[in-house]
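Naming follows writing order (A, B, C and D), and every chain is counted from residue 1.
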Amino acid sequence: VSAFEPRNPDYEARVRESFARQGAMTLIGASIVWLAPGECDLAVDRRGELLQQHGYFHGGIAGTLADSAGGYAAFSLMAAEASVLTVEYKINLVAPADGERLIARGRVVKPGRTLVIARADVYVTRGGREHLCATTLQTLMTMMGHADAPRA
Amino acid sequence: VSAFEPRNPDYEARVRESFARQGAMTLIGASIVWLAPGECDLAVDRRGELLQQHGYFHGGIAGTLADSAGGYAAFSLMAAEASVLTVEYKINLVAPADGERLIARGRVVKPGRTLVIARADVYVTRGGREHLCATTLQTLMTMMGHADAPRA
Amino acid sequence: VSAFEPRNPDYEARVRESFARQGAMTLIGASIVWLAPGECDLAVDRRGELLQQHGYFHGGIAGTLADSAGGYAAFSLMAAEASVLTVEYKINLVAPADGERLIARGRVVKPGRTLVIARADVYVTRGGREHLCATTLQTLMTMMGHADAPRA
Amino acid sequence: VSAFEPRNPDYEARVRESFARQGAMTLIGASIVWLAPGECDLAVDRRGELLQQHGYFHGGIAGTLADSAGGYAAFSLMAAEASVLTVEYKINLVAPADGERLIARGRVVKPGRTLVIARADVYVTRGGREHLCATTLQTLMTMMGHADAPRA
(Lines give C-alpha, C1' and ligand atoms only; values in the text may rest on other atoms or scores of the structure.)
Protein backbone atom coordinates (compact mmCIF):
# COMPACT_ATOMS: atom_id res chain seq x y z
CA VAL A 1 0.00 0.00 0.00
CA SER A 2 1.39 3.38 -1.03
CA ALA A 3 1.85 6.11 1.58
CA PHE A 4 0.48 8.76 -0.77
CA GLU A 5 -2.98 9.87 -1.86
CA PRO A 6 -3.14 10.82 -5.59
CA ARG A 7 -4.77 14.16 -6.48
CA ASN A 8 -5.86 12.71 -9.78
CA PRO A 9 -7.86 9.45 -9.60
CA ASP A 10 -6.90 8.80 -13.22
CA TYR A 11 -3.19 8.99 -12.46
CA GLU A 12 -2.47 5.57 -13.92
CA ALA A 13 -3.90 6.36 -17.36
CA ARG A 14 -2.08 9.71 -17.38
CA VAL A 15 1.28 8.19 -16.51
CA ARG A 16 0.94 5.44 -19.10
CA GLU A 17 -0.16 7.86 -21.78
CA SER A 18 2.72 10.26 -21.06
CA PHE A 19 5.20 7.38 -20.91
CA ALA A 20 4.04 6.18 -24.32
CA ARG A 21 4.93 9.59 -25.76
CA GLN A 22 8.55 9.48 -24.47
CA GLY A 23 10.57 8.56 -27.54
CA ALA A 24 13.60 7.93 -25.34
CA MET A 25 11.77 5.19 -23.42
CA THR A 26 10.86 3.44 -26.68
CA LEU A 27 14.45 3.84 -27.90
CA ILE A 28 15.91 2.02 -24.92
CA GLY A 29 13.03 -0.48 -24.76
CA ALA A 30 11.78 0.46 -21.29
CA SER A 31 8.47 -0.69 -19.86
CA ILE A 32 6.50 0.15 -16.72
CA VAL A 33 6.61 -2.85 -14.40
CA TRP A 34 5.07 -1.24 -11.29
CA LEU A 35 2.91 1.83 -10.74
CA ALA A 36 1.26 3.14 -7.57
CA PRO A 37 0.79 6.65 -6.12
CA GLY A 38 4.32 8.02 -5.65
CA GLU A 39 5.92 4.86 -7.01
CA CYS A 40 7.05 3.80 -10.48
CA ASP A 41 9.36 0.97 -11.55
CA LEU A 42 10.79 0.84 -15.07
CA ALA A 43 12.81 -1.99 -16.63
CA VAL A 44 14.89 -2.69 -19.72
CA ASP A 45 16.31 -5.98 -20.94
CA ARG A 46 19.95 -6.36 -21.94
CA ARG A 47 20.81 -5.49 -25.55
CA GLY A 48 24.19 -4.59 -26.99
CA GLU A 49 23.01 -1.03 -27.66
CA LEU A 50 22.50 -0.33 -23.96
CA LEU A 51 26.04 -1.21 -22.90
CA GLN A 52 29.29 0.64 -22.37
CA GLN A 53 32.73 -0.44 -23.48
CA HIS A 54 33.18 -3.14 -20.78
CA GLY A 55 29.89 -4.86 -21.58
CA TYR A 56 27.90 -3.50 -18.62
CA PHE A 57 24.73 -1.41 -18.89
CA HIS A 58 25.85 2.18 -19.64
CA GLY A 59 25.66 4.54 -16.66
CA GLY A 60 23.72 6.97 -18.81
CA ILE A 61 21.08 4.31 -19.49
CA ALA A 62 20.79 3.65 -15.76
CA GLY A 63 20.44 7.41 -15.26
CA THR A 64 17.84 7.74 -18.02
CA LEU A 65 15.77 4.90 -16.56
CA ALA A 66 16.07 6.27 -13.01
CA ASP A 67 15.23 9.81 -14.18
CA SER A 68 12.01 8.61 -15.78
CA ALA A 69 11.14 6.25 -12.89
CA GLY A 70 11.47 9.06 -10.35
CA GLY A 71 9.74 11.47 -12.72
CA TYR A 72 6.68 9.26 -13.16
CA ALA A 73 6.61 8.47 -9.43
CA ALA A 74 6.30 12.26 -8.94
CA PHE A 75 3.87 12.75 -11.82
CA SER A 76 1.52 10.10 -10.37
CA LEU A 77 0.82 12.48 -7.46
CA MET A 78 0.19 15.60 -9.54
CA ALA A 79 -3.11 17.25 -10.40
CA ALA A 80 -4.72 16.59 -13.79
CA GLU A 81 -3.77 20.03 -15.16
CA ALA A 82 -0.09 19.78 -14.19
CA SER A 83 2.94 18.36 -15.91
CA VAL A 84 6.39 17.44 -14.60
CA LEU A 85 9.94 18.56 -15.41
CA THR A 86 13.21 17.19 -13.99
CA VAL A 87 15.22 19.96 -12.31
CA GLU A 88 18.27 17.81 -11.52
CA TYR A 89 19.39 14.37 -10.50
CA LYS A 90 22.47 12.74 -9.09
CA ILE A 91 23.38 9.11 -9.63
CA ASN A 92 25.93 6.94 -7.83
CA LEU A 93 26.94 3.87 -9.80
CA VAL A 94 27.70 1.58 -6.88
CA ALA A 95 28.52 -1.65 -8.73
CA PRO A 96 29.01 -2.71 -12.36
CA ALA A 97 25.58 -3.16 -13.99
CA ASP A 98 26.47 -6.61 -15.18
CA GLY A 99 23.39 -8.72 -15.89
CA GLU A 100 20.32 -9.49 -17.99
CA ARG A 101 17.88 -6.81 -16.88
CA LEU A 102 17.98 -3.35 -15.37
CA ILE A 103 15.16 -2.13 -13.11
CA ALA A 104 14.83 1.36 -11.63
CA ARG A 105 12.48 1.74 -8.67
CA GLY A 106 11.40 5.40 -8.39
CA ARG A 107 9.89 6.53 -5.06
CA VAL A 108 8.72 9.98 -3.95
CA VAL A 109 10.55 11.12 -0.83
CA LYS A 110 8.77 14.45 -0.36
CA PRO A 111 5.86 15.74 -2.43
CA GLY A 112 5.98 19.53 -2.20
CA ARG A 113 3.59 21.89 -3.91
CA THR A 114 6.14 23.18 -6.44
CA LEU A 115 9.03 20.77 -6.02
CA VAL A 116 8.95 17.02 -5.54
CA ILE A 117 11.98 15.07 -4.27
CA ALA A 118 12.32 11.46 -5.41
CA ARG A 119 14.88 8.73 -5.24
CA ALA A 120 15.41 5.67 -7.38
CA ASP A 121 17.38 2.54 -6.64
CA VAL A 122 18.54 0.67 -9.75
CA TYR A 123 19.03 -3.10 -9.68
CA VAL A 124 20.57 -5.45 -12.20
CA THR A 125 19.30 -9.04 -12.41
CA ARG A 126 22.07 -11.63 -12.59
CA GLY A 127 21.66 -15.32 -11.95
CA GLY A 128 18.05 -14.81 -10.90
CA ARG A 129 18.91 -12.32 -8.15
CA GLU A 130 18.66 -8.53 -8.04
CA HIS A 131 21.84 -6.62 -7.20
CA LEU A 132 21.88 -2.90 -6.38
CA CYS A 133 23.97 -1.18 -9.06
CA ALA A 134 22.98 2.50 -8.76
CA THR A 135 21.08 4.91 -6.59
CA THR A 136 19.77 8.37 -7.43
CA LEU A 137 18.39 11.48 -5.76
CA GLN A 138 16.25 13.77 -7.90
CA THR A 139 14.40 17.09 -7.83
CA LEU A 140 11.29 17.54 -10.00
CA MET A 141 9.11 20.55 -10.65
CA THR A 142 5.35 20.72 -10.99
CA MET A 143 4.38 22.82 -14.01
CA MET A 144 0.82 23.99 -13.29
CA GLY A 145 -1.33 24.77 -16.31
CA HIS A 146 1.11 23.07 -18.67
CA ALA A 147 -0.73 20.09 -20.00
CA ASP A 148 1.59 17.12 -20.39
CA ALA A 149 1.47 17.14 -24.18
CA PRO A 150 3.78 17.42 -27.13
CA ARG A 151 4.27 20.88 -28.59
CA ALA A 152 1.86 21.68 -31.44
CA VAL B 1 45.71 24.56 -26.17
CA SER B 2 44.78 22.07 -23.46
CA ALA B 3 46.09 22.61 -19.93
CA PHE B 4 46.91 18.91 -19.54
CA GLU B 5 49.71 16.66 -20.63
CA PRO B 6 48.51 13.18 -21.68
CA ARG B 7 50.31 10.19 -20.14
CA ASN B 8 49.58 8.18 -23.27
CA PRO B 9 50.67 9.77 -26.58
CA ASP B 10 48.15 7.54 -28.36
CA TYR B 11 45.27 8.87 -26.30
CA GLU B 12 43.24 9.86 -29.34
CA ALA B 13 43.23 6.42 -30.91
CA ARG B 14 42.40 4.85 -27.53
CA VAL B 15 39.45 7.17 -26.91
CA ARG B 16 38.04 6.65 -30.42
CA GLU B 17 38.43 2.92 -30.21
CA SER B 18 36.74 2.73 -26.80
CA PHE B 19 33.97 5.09 -27.92
CA ALA B 20 33.29 2.87 -30.94
CA ARG B 21 32.67 -0.05 -28.56
CA GLN B 22 29.99 1.83 -26.53
CA GLY B 23 26.73 0.43 -27.82
CA ALA B 24 24.84 3.19 -26.03
CA MET B 25 26.65 5.88 -28.05
CA THR B 26 25.69 4.15 -31.30
CA LEU B 27 22.10 3.77 -30.07
CA ILE B 28 21.66 7.50 -29.49
CA GLY B 29 23.70 8.42 -32.58
CA ALA B 30 26.48 10.29 -30.74
CA SER B 31 29.72 11.34 -32.38
CA ILE B 32 32.97 12.84 -31.10
CA VAL B 33 33.18 16.44 -32.33
CA TRP B 34 36.20 17.57 -30.27
CA LEU B 35 39.01 15.75 -28.53
CA ALA B 36 42.09 17.07 -26.75
CA PRO B 37 43.91 16.07 -23.53
CA GLY B 38 41.30 16.42 -20.76
CA GLU B 39 38.61 17.57 -23.19
CA CYS B 40 35.92 15.72 -25.14
CA ASP B 41 32.80 17.06 -26.87
CA LEU B 42 30.04 14.71 -27.99
CA ALA B 43 26.98 15.60 -30.08
CA VAL B 44 23.69 14.05 -31.18
CA ASP B 45 21.19 15.33 -33.71
CA ARG B 46 17.48 15.58 -32.94
CA ARG B 47 15.41 12.47 -33.58
CA GLY B 48 12.03 11.58 -32.11
CA GLU B 49 13.57 8.71 -30.15
CA LEU B 50 15.75 11.07 -28.10
CA LEU B 51 12.90 13.21 -26.80
CA GLN B 52 10.68 13.28 -23.73
CA GLN B 53 6.95 13.82 -23.66
CA HIS B 54 7.08 17.60 -24.34
CA GLY B 55 9.24 17.25 -27.43
CA TYR B 56 12.54 18.30 -25.83
CA PHE B 57 15.67 16.16 -25.66
CA HIS B 58 15.18 13.73 -22.73
CA GLY B 59 17.13 14.64 -19.58
CA GLY B 60 18.49 11.12 -19.51
CA ILE B 61 19.92 11.53 -23.01
CA ALA B 62 21.59 14.78 -21.92
CA GLY B 63 22.94 12.89 -18.90
CA THR B 64 24.15 9.97 -21.02
CA LEU B 65 25.95 12.28 -23.43
CA ALA B 66 27.49 14.33 -20.60
CA ASP B 67 28.53 11.18 -18.72
CA SER B 68 30.42 9.90 -21.76
CA ALA B 69 31.86 13.33 -22.62
CA GLY B 70 33.26 13.75 -19.11
CA GLY B 71 34.33 10.10 -19.05
CA TYR B 72 36.34 10.37 -22.26
CA ALA B 73 37.80 13.72 -21.19
CA ALA B 74 39.12 11.83 -18.14
CA PHE B 75 40.17 8.75 -20.12
CA SER B 76 42.24 10.90 -22.49
CA LEU B 77 44.61 11.62 -19.59
CA MET B 78 44.99 8.05 -18.39
CA ALA B 79 47.90 5.67 -18.87
CA ALA B 80 47.76 3.06 -21.63
CA GLU B 81 47.14 0.19 -19.20
CA ALA B 82 44.22 1.92 -17.38
CA SER B 83 40.51 2.08 -18.01
CA VAL B 84 37.84 4.42 -16.68
CA LEU B 85 34.63 3.93 -14.68
CA THR B 86 32.04 6.56 -13.72
CA VAL B 87 31.60 6.71 -9.94
CA GLU B 88 28.77 9.26 -9.98
CA TYR B 89 27.45 12.32 -11.74
CA LYS B 90 24.96 15.06 -11.06
CA ILE B 91 23.13 16.96 -13.75
CA ASN B 92 21.15 20.19 -13.54
CA LEU B 93 18.75 20.69 -16.43
CA VAL B 94 18.80 24.47 -16.54
CA ALA B 95 16.56 25.09 -19.57
CA PRO B 96 14.37 22.97 -21.87
CA ALA B 97 16.60 21.20 -24.40
CA ASP B 98 14.53 22.48 -27.29
CA GLY B 99 16.47 22.47 -30.55
CA GLU B 100 18.13 20.58 -33.39
CA ARG B 101 21.33 19.33 -31.83
CA LEU B 102 22.67 18.52 -28.39
CA ILE B 103 26.36 18.94 -27.59
CA ALA B 104 28.06 18.01 -24.31
CA ARG B 105 31.46 19.57 -23.62
CA GLY B 106 33.34 17.42 -21.09
CA ARG B 107 36.32 19.00 -19.30
CA VAL B 108 38.58 17.59 -16.61
CA VAL B 109 38.54 19.78 -13.49
CA LYS B 110 41.05 17.80 -11.43
CA PRO B 111 43.02 14.79 -12.62
CA GLY B 112 43.86 12.80 -9.48
CA ARG B 113 45.78 9.55 -9.42
CA THR B 114 42.79 7.39 -8.53
CA LEU B 115 39.86 9.76 -9.00
CA VAL B 116 39.30 12.30 -11.75
CA ILE B 117 36.74 15.10 -11.41
CA ALA B 118 35.15 16.40 -14.61
CA ARG B 119 32.37 18.70 -15.58
CA ALA B 120 30.32 18.94 -18.74
CA ASP B 121 28.18 21.77 -20.02
CA VAL B 122 25.44 20.71 -22.41
CA TYR B 123 24.19 23.05 -25.14
CA VAL B 124 21.25 22.80 -27.49
CA THR B 125 21.46 24.44 -30.91
CA ARG B 126 18.37 26.43 -31.85
CA GLY B 127 18.16 28.99 -34.63
CA GLY B 128 21.88 28.72 -35.26
CA ARG B 129 22.86 29.59 -31.68
CA GLU B 130 23.97 27.42 -28.77
CA HIS B 131 21.97 27.67 -25.55
CA LEU B 132 23.12 26.16 -22.25
CA CYS B 133 20.54 23.53 -21.26
CA ALA B 134 22.36 21.41 -18.68
CA THR B 135 25.49 21.26 -16.59
CA THR B 136 27.06 18.29 -14.83
CA LEU B 137 29.66 17.48 -12.21
CA GLN B 138 31.17 14.00 -12.31
CA THR B 139 33.56 11.68 -10.46
CA LEU B 140 35.47 9.04 -12.41
CA MET B 141 37.81 6.29 -11.30
CA THR B 142 41.00 5.08 -12.88
CA MET B 143 41.08 1.29 -13.05
CA MET B 144 44.75 0.36 -13.29
CA GLY B 145 45.56 -2.91 -14.96
CA HIS B 146 42.03 -3.23 -16.35
CA ALA B 147 42.40 -2.97 -20.09
CA ASP B 148 39.53 -1.03 -21.62
CA ALA B 149 38.06 -4.01 -23.38
CA PRO B 150 34.86 -6.00 -23.55
CA ARG B 151 34.63 -9.03 -21.32
CA ALA B 152 35.68 -12.25 -23.01
CA VAL C 1 21.29 -5.51 14.17
CA SER C 2 23.59 -4.03 11.55
CA ALA C 3 23.92 -5.71 8.15
CA PHE C 4 27.68 -5.22 8.15
CA GLU C 5 30.64 -6.98 9.72
CA PRO C 6 33.36 -4.56 10.90
CA ARG C 7 36.94 -5.31 9.82
CA ASN C 8 38.20 -3.67 13.00
CA PRO C 9 36.70 -4.99 16.27
CA ASP C 10 37.75 -1.71 17.94
CA TYR C 11 35.76 0.36 15.45
CA GLU C 12 33.79 2.14 18.16
CA ALA C 13 36.84 3.48 20.00
CA ARG C 14 38.40 4.53 16.68
CA VAL C 15 35.31 6.43 15.53
CA ARG C 16 34.90 8.20 18.87
CA GLU C 17 38.56 9.13 19.03
CA SER C 18 38.55 10.51 15.46
CA PHE C 19 35.28 12.36 16.07
CA ALA C 20 36.78 14.01 19.15
CA ARG C 21 39.56 15.43 16.95
CA GLN C 22 37.12 17.08 14.48
CA GLY C 23 37.17 20.72 15.50
CA ALA C 24 34.18 21.38 13.29
CA MET C 25 32.04 18.93 15.27
CA THR C 26 32.97 20.68 18.53
CA LEU C 27 32.24 24.04 16.91
CA ILE C 28 28.68 23.13 16.00
CA GLY C 29 28.16 21.14 19.21
CA ALA C 30 27.55 17.76 17.57
CA SER C 31 27.49 14.51 19.49
CA ILE C 32 27.33 10.85 18.48
CA VAL C 33 23.90 9.47 19.42
CA TRP C 34 24.09 6.11 17.65
CA LEU C 35 26.95 3.98 16.40
CA ALA C 36 26.97 0.50 14.88
CA PRO C 37 28.89 -1.11 11.99
CA GLY C 38 27.99 0.96 8.92
CA GLU C 39 25.72 3.28 10.93
CA CYS C 40 26.32 6.58 12.69
CA ASP C 41 23.81 9.17 13.94
CA LEU C 42 24.95 12.67 14.91
CA ALA C 43 22.84 15.39 16.55
CA VAL C 44 23.05 19.09 17.39
CA ASP C 45 20.72 21.17 19.52
CA ARG C 46 19.30 24.49 18.30
CA ARG C 47 21.44 27.57 18.94
CA GLY C 48 21.32 30.91 17.16
CA GLU C 49 24.73 30.30 15.62
CA LEU C 50 23.50 27.28 13.66
CA LEU C 51 20.68 29.09 11.88
CA GLN C 52 20.22 30.89 8.59
CA GLN C 53 18.45 34.20 8.02
CA HIS C 54 14.90 32.83 8.42
CA GLY C 55 15.61 31.17 11.75
CA TYR C 56 15.92 27.59 10.47
CA PHE C 57 19.00 25.40 10.83
CA HIS C 58 21.43 26.45 8.06
CA GLY C 59 21.59 24.08 5.10
CA GLY C 60 25.36 24.03 5.47
CA ILE C 61 25.05 22.82 9.05
CA ALA C 62 22.71 20.05 7.92
CA GLY C 63 25.28 19.20 5.24
CA THR C 64 28.18 19.26 7.70
CA LEU C 65 26.34 16.96 10.11
CA ALA C 66 25.28 14.59 7.32
CA ASP C 67 28.79 14.57 5.83
CA SER C 68 30.27 13.49 9.16
CA ALA C 69 27.46 11.02 9.92
CA GLY C 70 27.96 9.28 6.56
CA GLY C 71 31.72 9.56 6.93
CA TYR C 72 31.80 7.83 10.32
CA ALA C 73 29.28 5.22 9.15
CA ALA C 74 31.84 4.41 6.43
CA PHE C 75 34.85 4.66 8.75
CA SER C 76 33.28 2.16 11.17
CA LEU C 77 33.72 -0.54 8.51
CA MET C 78 37.33 0.26 7.65
CA ALA C 79 40.49 -1.58 8.65
CA ALA C 80 42.57 -0.31 11.57
CA GLU C 81 45.30 1.08 9.30
CA ALA C 82 42.91 3.04 7.05
CA SER C 83 41.43 6.49 7.24
CA VAL C 84 38.49 8.06 5.42
CA LEU C 85 38.08 11.07 3.11
CA THR C 86 34.87 12.48 1.66
CA VAL C 87 35.01 12.52 -2.15
CA GLU C 88 31.67 14.29 -2.66
CA TYR C 89 28.16 14.60 -1.31
CA LYS C 90 24.83 15.92 -2.48
CA ILE C 91 22.12 17.19 -0.17
CA ASN C 92 18.46 17.89 -0.85
CA LEU C 93 16.86 20.19 1.69
CA VAL C 94 13.33 18.85 1.50
CA ALA C 95 11.65 20.97 4.20
CA PRO C 96 12.61 23.93 6.39
CA ALA C 97 14.74 22.67 9.30
CA ASP C 98 12.52 24.38 11.81
CA GLY C 99 12.83 22.84 15.28
CA GLU C 100 14.83 22.18 18.41
CA ARG C 101 17.25 19.50 17.34
CA LEU C 102 18.85 18.26 14.14
CA ILE C 103 19.79 14.61 13.74
CA ALA C 104 21.63 13.07 10.78
CA ARG C 105 21.39 9.29 10.36
CA GLY C 106 24.32 8.08 8.25
CA ARG C 107 24.06 4.61 6.69
CA VAL C 108 26.45 2.77 4.39
CA VAL C 109 24.74 1.79 1.13
CA LYS C 110 27.67 -0.05 -0.47
CA PRO C 111 31.02 -0.73 1.16
CA GLY C 112 33.52 -1.08 -1.67
CA ARG C 113 37.21 -1.73 -1.26
CA THR C 114 38.32 1.74 -2.31
CA LEU C 115 35.05 3.68 -2.38
CA VAL C 116 32.17 3.55 0.07
CA ILE C 117 28.73 4.93 -0.78
CA ALA C 118 26.63 6.23 2.11
CA ARG C 119 23.41 8.11 2.56
CA ALA C 120 22.15 10.19 5.44
CA ASP C 121 18.62 11.30 6.24
CA VAL C 122 18.43 14.43 8.38
CA TYR C 123 15.50 15.00 10.75
CA VAL C 124 14.47 18.02 12.76
CA THR C 125 12.62 17.53 16.04
CA ARG C 126 9.60 19.78 16.45
CA GLY C 127 6.84 19.30 18.98
CA GLY C 128 8.29 15.98 20.05
CA ARG C 129 8.22 14.49 16.55
CA GLU C 130 10.94 13.96 13.97
CA HIS C 131 10.38 15.49 10.54
CA LEU C 132 12.56 14.68 7.51
CA CYS C 133 14.26 17.92 6.45
CA ALA C 134 17.16 16.76 4.27
CA THR C 135 18.59 13.73 2.56
CA THR C 136 22.09 13.15 1.24
CA LEU C 137 24.02 10.79 -0.99
CA GLN C 138 27.77 10.59 -0.45
CA THR C 139 30.96 9.01 -1.81
CA LEU C 140 33.85 8.30 0.55
CA MET C 141 37.34 7.00 -0.06
CA THR C 142 39.38 4.56 1.97
CA MET C 143 42.92 5.84 2.44
CA MET C 144 45.01 2.76 3.17
CA GLY C 145 48.16 3.29 5.20
CA HIS C 146 47.10 6.81 6.19
CA ALA C 147 46.55 6.67 9.92
CA ASP C 148 43.57 8.77 10.93
CA ALA C 149 45.65 11.34 12.77
CA PRO C 150 46.39 15.03 12.73
CA ARG C 151 49.39 16.18 10.76
CA ALA C 152 52.55 16.43 12.80
CA VAL D 1 31.72 43.54 -15.14
CA SER D 2 28.91 41.17 -14.20
CA ALA D 3 26.80 39.57 -16.95
CA PHE D 4 23.59 40.15 -14.98
CA GLU D 5 21.26 43.06 -14.38
CA PRO D 6 19.92 43.18 -10.81
CA ARG D 7 16.15 43.59 -10.38
CA ASN D 8 16.74 45.39 -7.10
CA PRO D 9 19.13 48.37 -7.26
CA ASP D 10 19.65 48.01 -3.50
CA TYR D 11 20.82 44.43 -3.86
CA GLU D 12 24.08 45.05 -2.04
CA ALA D 13 22.48 46.39 1.13
CA ARG D 14 19.96 43.54 1.08
CA VAL D 15 22.61 40.87 0.74
CA ARG D 16 24.78 42.35 3.49
CA GLU D 17 21.83 42.74 5.83
CA SER D 18 20.66 39.16 5.25
CA PHE D 19 24.19 37.81 5.60
CA ALA D 20 24.54 39.60 8.96
CA ARG D 21 21.50 37.69 10.22
CA GLN D 22 22.95 34.26 9.34
CA GLY D 23 24.15 32.95 12.69
CA ALA D 24 26.01 30.16 10.93
CA MET D 25 28.18 32.66 9.02
CA THR D 26 29.12 34.37 12.28
CA LEU D 27 29.84 30.98 13.87
CA ILE D 28 32.38 30.01 11.24
CA GLY D 29 33.76 33.57 10.96
CA ALA D 30 32.83 34.12 7.30
CA SER D 31 32.95 37.50 5.60
CA ILE D 32 31.87 38.79 2.20
CA VAL D 33 34.96 39.55 0.14
CA TRP D 34 33.31 40.18 -3.24
CA LEU D 35 29.77 41.07 -4.28
CA ALA D 36 28.34 41.91 -7.71
CA PRO D 37 25.09 41.01 -9.48
CA GLY D 38 25.05 37.21 -9.64
CA GLU D 39 28.41 36.93 -7.87
CA CYS D 40 29.36 36.51 -4.22
CA ASP D 41 32.67 35.43 -2.66
CA LEU D 42 32.87 34.41 0.99
CA ALA D 43 36.01 33.64 3.00
CA VAL D 44 37.01 32.18 6.36
CA ASP D 45 40.42 32.11 7.99
CA ARG D 46 41.89 28.92 9.43
CA ARG D 47 40.96 28.10 13.03
CA GLY D 48 41.09 24.75 14.78
CA GLU D 49 37.30 24.67 15.02
CA LEU D 50 36.90 24.61 11.23
CA LEU D 51 39.03 21.53 10.66
CA GLN D 52 38.46 17.80 10.35
CA GLN D 53 40.52 15.05 11.94
CA HIS D 54 43.49 15.36 9.55
CA GLY D 55 43.89 19.09 10.10
CA TYR D 56 42.28 20.24 6.82
CA PHE D 57 39.24 22.48 6.57
CA HIS D 58 36.18 20.25 7.15
CA GLY D 59 34.26 19.36 3.99
CA GLY D 60 31.08 20.51 5.70
CA ILE D 61 32.59 23.94 6.29
CA ALA D 62 33.54 24.15 2.61
CA GLY D 63 29.98 23.13 1.79
CA THR D 64 28.47 25.68 4.19
CA LEU D 65 30.59 28.46 2.73
CA ALA D 66 29.82 27.45 -0.85
CA ASP D 67 26.09 27.09 -0.09
CA SER D 68 25.95 30.65 1.23
CA ALA D 69 28.18 32.03 -1.54
CA GLY D 70 25.95 30.55 -4.23
CA GLY D 71 22.85 31.53 -2.28
CA TYR D 72 23.84 35.17 -2.04
CA ALA D 73 24.97 35.22 -5.67
CA ALA D 74 21.39 34.16 -6.49
CA PHE D 75 19.78 36.49 -3.96
CA SER D 76 21.62 39.48 -5.47
CA LEU D 77 19.49 39.06 -8.61
CA MET D 78 16.14 38.74 -6.87
CA ALA D 79 13.36 41.31 -6.53
CA ALA D 80 13.05 43.31 -3.30
CA GLU D 81 10.03 41.35 -2.11
CA ALA D 82 11.61 37.92 -2.62
CA SER D 83 13.76 35.71 -0.46
CA VAL D 84 15.93 32.71 -1.29
CA LEU D 85 16.00 29.07 -0.17
CA THR D 86 18.53 26.39 -1.08
CA VAL D 87 16.82 23.43 -2.75
CA GLU D 88 19.94 21.26 -3.00
CA TYR D 89 23.66 21.33 -3.61
CA LYS D 90 26.38 18.90 -4.52
CA ILE D 91 30.02 19.36 -3.61
CA ASN D 92 33.10 17.60 -4.92
CA LEU D 93 36.09 17.87 -2.60
CA VAL D 94 38.83 17.73 -5.24
CA ALA D 95 41.91 18.23 -3.04
CA PRO D 96 42.65 18.43 0.69
CA ALA D 97 41.71 21.91 1.95
CA ASP D 98 45.10 22.38 3.51
CA GLY D 99 45.95 26.04 4.03
CA GLU D 100 45.38 29.35 5.80
CA ARG D 101 42.19 30.60 4.22
CA LEU D 102 39.17 29.20 2.46
CA ILE D 103 37.34 31.22 -0.20
CA ALA D 104 34.14 30.20 -1.99
CA ARG D 105 33.32 32.02 -5.22
CA GLY D 106 29.58 31.73 -5.93
CA ARG D 107 28.38 32.47 -9.47
CA VAL D 108 24.90 32.28 -10.97
CA VAL D 109 24.80 29.93 -13.95
CA LYS D 110 21.15 30.40 -14.88
CA PRO D 111 18.73 32.83 -13.25
CA GLY D 112 15.25 31.38 -13.80
CA ARG D 113 12.03 32.92 -12.55
CA THR D 114 11.42 30.32 -9.85
CA LEU D 115 14.69 28.41 -9.75
CA VAL D 116 18.22 29.76 -9.93
CA ILE D 117 21.21 27.50 -10.69
CA ALA D 118 24.55 28.52 -9.23
CA ARG D 119 27.98 27.07 -8.89
CA ALA D 120 30.79 27.82 -6.48
CA ASP D 121 34.46 27.00 -6.71
CA VAL D 122 36.24 26.81 -3.38
CA TYR D 123 39.94 27.66 -3.08
CA VAL D 124 42.37 27.24 -0.21
CA THR D 125 45.26 29.68 0.13
CA ARG D 126 48.60 28.00 0.83
CA GLY D 127 51.98 29.63 0.47
CA GLY D 128 50.42 32.73 -1.04
CA ARG D 129 48.68 30.85 -3.86
CA GLU D 130 45.07 29.76 -4.30
CA HIS D 131 44.44 26.06 -4.93
CA LEU D 132 41.09 24.68 -6.04
CA CYS D 133 39.89 22.34 -3.28
CA ALA D 134 36.15 21.96 -3.98
CA THR D 135 33.50 22.71 -6.54
CA THR D 136 29.73 22.80 -6.13
CA LEU D 137 26.56 22.88 -8.19
CA GLN D 138 23.46 24.25 -6.50
CA THR D 139 19.73 24.82 -7.04
CA LEU D 140 18.01 27.73 -5.28
CA MET D 141 14.39 28.80 -5.12
CA THR D 142 12.92 32.27 -5.24
CA MET D 143 10.30 32.68 -2.53
CA MET D 144 8.07 35.52 -3.73
CA GLY D 145 6.26 37.49 -1.06
CA HIS D 146 8.42 36.01 1.70
CA ALA D 147 10.45 38.88 3.06
CA ASP D 148 13.95 37.76 3.93
CA ALA D 149 13.47 38.17 7.67
CA PRO D 150 13.61 36.15 10.84
CA ARG D 151 10.38 34.59 12.03
CA ALA D 152 8.47 36.74 14.50
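One rule holds in what follows: a contact is a pair of C-beta atoms (placed from the backbone, for glycine too) under 8 Å apart; a residue touches a chain by one contact, two chains touch by 3 or more.
Predicted model only: the values in this text are computed from it and were never measured.
> Is the C-beta contact count larger for A-B or for B-D?
The comparison resolves to A-B.
> Which chain is most remote from subunit B in terms of Cα centres?
C
> I'd like the Å distance between the centres of subunit A and subunit D, where a centre is the mean of that chain's Cα atoms.
Each chain's C-alpha centroid was found; their separation is 32 Å.
> Which whole number of Å gives the spacing of the CA centres of subunit B and subunit D?
29
> Could you state the distance in Å from the CA-based centre of subunit A to that of subunit B?
22
> Which positions in subunit C touch two or more other chains at once?
87-88, 90, 92, 137, 139
> Could you please specify the touching residues of subunit B with respect to subunit D in the complex?
The contact residues of subunit B facing subunit D are 90, 92, 94-95, 109-110, 112, 117, 119, 132, 135-137, 139.
> Which positions of subunit D touch subunit A when the two form their complex?
87-88, 90, 114-115, 137, 139, 141
> Where on subunit D is subunit C touching in the complex?
It comes out as residues 18-19, 21-24, 26-28, 47-55, 58-61, 63-65, 67-68, 83, 85-93, 96, 148-151.
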